[in-house]
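In what follows, structures are represented as structure tokens.
Same chain, two partners: chain A is paired with chain B first, then with chain C.
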Partner chain A sequence: MPRKIVIIGANAAGSGVASAARKTDREAEITIIEREKYPAYSRCGLPFVLAGEISEFEKLIIFPLAWYKMMKLNLLTETTVQSIDVKEKSIMIKSADGKESTLPYDTLVLATGARSFIPPVKGYDKDGVLALRTIQDGIKFKEKMKSAKAAVIVGAGFIGLETAHALFENKINPIIVEMLPWICPTVFDQDTANIVQKKIEEHGIKVIVGKGVEEILGDTSVTGVKVAGETIPADMVLMATGVRSNTELAVQMGVELGITKAIKVNSRMATNISDVYSCGDCVESQNMLTGLIGMCQLGTTAVRQAKVAGTNAAGGYSVFPGVLGSSVSTFFGVEIGATGLTEFQATRLGLKPISGVVTSKTRADYFPGAKDIRVKIVAEPEFGRIIGCQIVAGEEVTQRVNMISAGIQKQMTIFELAKADTCYAPPVNETWEPIALAAEMAVAKLRR
Partner chain B sequence: MVKVGEYEVQEGLYYHSEHFWAKVEGDSVRFGATDYGQKALREVVFIELPKVGDEVSQNEAYGTVESVKAVIDLIAPVSGKIKEINEKLTDTPDLINNNPYGDGWLILVTPSKLDDELKNLMTFEAALTWYQELAKGG
Partner chain C sequence: MPRKIVIIGANAAGSGVASAARKTDREAEITIIEREKYPAYSRCGLPFVLAGEISEFEKLIIFPLAWYKMMKLNLLTETTVQSIDVKEKSIMIKSADGKESTLPYDTLVLATGARSFIPPVKGYDKDGVLALRTIQDGIKFKEKMKSAKAAVIVGAGFIGLETAHALFENKINPIIVEMLPWICPTVFDQDTANIVQKKIEEHGIKVIVGKGVEEILGDTSVTGVKVAGETIPADMVLMATGVRSNTELAVQMGVELGITKAIKVNSRMATNISDVYSCGDCVESQNMLTGLIGMCQLGTTAVRQAKVAGTNAAGGYSVFPGVLGSSVSTFFGVEIGATGLTEFQATRLGLKPISGVVTSKTRADYFPGAKDIRVKIVAEPEFGRIIGCQIVAGEEVTQRVNMISAGIQKQMTIFELAKADTCYAPPVNETWEPIALAAEMAVAKLRR
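== the complex of A and B ==
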């Protein structure tokens, strides 16, 4: 009897689970249930479609329908799960035409993702207050941009800033409002954030930090946003204020939630209910550095967890080692990236972090096209271990963040990183790799 | 070689609907994957082939091919006994992508029911029509 694997959710995590499950068990009957019309598309690409860098939303679809057919996956789109019977191991589903049916399973994977969190400020439900998570959101946003005169972006994380750039490319200069004292607060310290903020402001974009949105004004449609007593005119507002895990099904079936209120999983992505796994934006993750449980709702985390969950759900063996939160973005002519802890976060955990900062160039200084790069490496002083980095540059940030992430995973020290065998050629680097120099700056601080 | 949309279709071959081709070479038949098949898979990273001497049956799986995000069965276009397997594929599986109709061939068999079974495959002309339909469907 072939194993019946049912996956709820067909986006980054869900389709990743399907792929890994099929590779592990060629005979299994694999069904994927997806409530949206489009399965497996890159949400991360939405701002870049809005900016005009990607020609259409359809290009974001990662797996065409032919892929599901080729892999013998039963994909059910516009289908919702009504209830799950854990004892009977069966699911009640409702398809687009309203028909209900039951689907039995041997193993089940919850890849239910998350939804945009809209802070419940007065007026949050007015016309023109938008989120950006689904293709439908993207289409709505693109349409609104055509007629908008003034826009406000609430939340200066990567999505907010990428979308601010998209608005800028569409000749709408948004005003960015961030509640916390500096932009990108989850990945940057204030010094790094200030540099990035300056780059944004150089484009004529106003950035307000340390102030929250008190009210959204207007009749049925938004006309303005009240921030610290001041009214900012706006006919479109993006709430880029984070996401919340979709855990309704999990709760309904008795799957345990963790301290984050997201689904709790072990290192095999298994929940407390046997034969039920979970991965992606709906689960909590363990930090490789601190061992602490938190949320790491990134595309890269989703696909990595999905591979583990899919393998295990299909009878294989695979473990997930945890997260470091490596992330990268680009907007307003600058690339930014980070991994691990900021000095601020490290201090809150009781560490006494030190940092090494270096500003350099991305190519030989004399080479045309060389751009600025600033590397900040954060370390723990007793062991000298690298615990984080923040990089801002005109180019070439991604692989540097990856390098440091791999180093942190191996508990590399700043002493070792300062002497790493790096490479260069004038068109692509300076002789002295900025990362190694930043590590050296940190070492110097220790030896004072 | 004829191009239908973005897919290349080679003359002189018989085509199986699971995107494999069969070439009659005297008293042997060579199997391979079509350009459509290799494009759907993307970069092949691993291939599992049976041994020389093993039997294959028309429409049945005799091995698997894996790419980064996908895995599919190798389906035999005709039945027979394996005479040769393409050893190069162990070290260079992406030959299937780079040269699906040439160096990327899969196995060579001595057919057992060739005349009967060829009737179940598409000729080059029939395949052209079929690929045109596929190209439209997307």
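== the complex of A and C ==
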């Protein structure tokens, strides 16, 4: 009898699970249960639709219905899970028309994702307070932009800043409010953040750091935001304040949560319950570098975990090596990226890190169009192993982050990186790769 | 008494030596002897000046005279070395005005570089047969382009192809002749080369592979080139057929050459003669991966070796870790790059390599401006260690090559690379990094 694989959630993680499972077992009966109307679309693309760089939300649908057919996947959209019996290995589902039915499984994968987290600040439920996680959110945001005169972005992470850029492109200069002392605090140290903040401010956008939102003002609709006693007028407010894992179903069926309150999995993405796997925004991850457990709710992490979970759920063998949190974005004319630990994070872990910083150009200095680049490398001081990097440049950041990520994975030292065999041609790089120079600066500090 | 350091050659290698030596020893008396009029300029930029992308040759001068002053370097241009007495540690030099003098040294660095190699094919000395190595060559080439009607490029390496593109930009469609069976044979396998060749041919440029030039025709000036019995009309011919190390001085003073007939050095860039170092295009290099000795006459290799040689010549300690030959170029709308071994080269070394190939996009498929990318990863089949890559794309090749180069340096396997923690945002990458997917394709072959 063919193996019955059921996947709950059809977004990046769930669809990735289905794809890997199908490649592992050509005969399996694979069912995907999705409560939304649309299956997998790229959430990461939402701010770029709002900015007008992508013409319409429909373009974000990365797995069209035809793909599910081609892969012989049984996709049930607008369907909710009522309950799961892990002893009987059966799932009670309810379809859009209200009909309930029972679905047996041999292996089950929870890819239930996450939802926007709106902090319970006074007035958070007023009209005009928005999140940006789903296409529905995007449509609502776009509609609101048409009439809005003043906007506030709460939270200066990548999504907050990307959406600030989208507002700017729509002739609305938002005010950005970040509670922590600098922007992008999970990926940047203050020195790097200050450079990015300056770039944003050059576009006429005000950034307030180190201050929280005390209240959202207005009757039923937002009229302003109170920050450190002062009132900022606004008729739309984006709460870009992170996400929380969807774990209700997991808890209901007895799946163990970890220290982060997200689903706990082992390196094969298996939960504590036999034949139940999980992956994506609803699970916690182990950091490759520190061994610590934390959250890494990135699309790239989701698809990588999904491939492992899908392979295992279909009878194959695959392990997930952990995360480094490599991430990148682009807005206001700069590309920014980071991986591993910041100097601040490493210091808090007691690592006494050293760092090397260099500013250079992305092409030969004499080549037209050469853009500024700043690289910061962070290392531990005994063996000089690289533990992180932060890059801000006019172009070509993504693959530099990937290079450092690979270096961290393979315990590369700043001594090795300073002498790495990098390539160059005048239109595409400087003779001395800035990353190698940053490593050299770090080496110089160690030898001082 | 301050240390006396003498450097012969003031180009990328020589000036790099001087810079590193000055940083190591603030008090040293550093003299650089250069026979050309211009000190360090970027040879790699010459084709891009010819293409009109860089406005003038003067822009290529990367170390202006002011830099030598600032670094307190005694620069002697238009000066030749008459003889070197390694027992007395003194150098007889002759300046532009014909005056001879003697220069003592404590340490000496030979950075004598290389010169164009013109194969002794019949008619090679006719007017209109050109090389492209110096600014003088560039000026001559540019002048010739003004009147030329038909051009032939002999040798389809990066410089040959970059110059073909320059001719194309000047409305002269050259015919490219490569003796070996495919273009860029030292960095690409045939499958990769065919893709690049097609890109070039799409621009209306004919590429002839597997055939050598038999004769250069014409009276005193070139009128054509004979290839496999056929005559190709041409009034200018670029011989892009490689370079040969300048070793005359080294031989004269008793410096040992290696199996490649270039100068033999150890990992500190020291020659067999006490206190005499060498670096750049005149030395041979050890491959990091194979341990084999060969030539790696790249600007990036020269500056890396120069830093090591300069540090050691000034009393510091630095070792050169070897080369992988990472290189990149861009022309005819594609960026191309490679590092390590090709499948062909690895096969000849008996490694029985496997490879993985993937074609994808450089941005999210739905993001405007996404360009094609093709990645080929080569690995050895026992541990799956990466031994090379070849990348052709519309953009973002350079740093991918650097990532793989770092991976090879750190013995990364295709298993690890397939699950590397890469980063993504819709405007700058696909969710699945193409390099990781290529590694996965190679893994699939190993497991078949």
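Assume the second predicted complex is superposed on the first by the 448 of 448 C-alpha atoms of A that agree within 3 Å, B and C clash if a C-alpha of one lies under 4 Å from a C-alpha of the other, contacts with A are read in each partner's own complex, and residues count from 1 in each chain.
The criterion applied here is as follows: contacts are C-beta pairs under 8 Å (C-beta built on N, C-alpha and C of every residue); 3 or more make two chains touch, one makes a residue touch a chain.
Worth saying up front: this structure is predicted, and the values here are computed from it rather than measured.
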Touched partner set for A:26, first chain B, second chain C, both or neither: first
Chain B versus chain C as contact partner of A:429, first or second or both or neither: second
Comparison of chain B and chain C by chain A residues contacted: C
Partner chain(s) touched by A:54 [first = chain B, second = chain C, both, neither]: second
Contacts of A:399 with chain B and chain C, given as first, second, both or neither: second
First, second, both or neither for A:359, with chain B first and chain C second: neither
Which superposed partner A:71 touches (first chain B, second chain C, both, neither): first
First, second, both or neither for A:90, with chain B first and chain C second: neither
Residues of chain A at both interfaces, chain B in one complex, chain C in the other: none
Of all residues in chain A, those that touch chain B in their complex: 19, 22-23, 26, 63-64, 66-67, 70-71
Touch list for chain B against partner chain A, complex: 40-41, 64, 66, 69-73, 138
Residue numbers on chain C that touch chain A, as the complex places them: 12, 42, 44-45, 48, 53-54, 59-60, 62, 158, 288, 298-301, 303-304, 320-330, 335, 337, 339, 364-368, 396-403, 405-407, 409-412, 416-417, 419-429, 431-433, 435
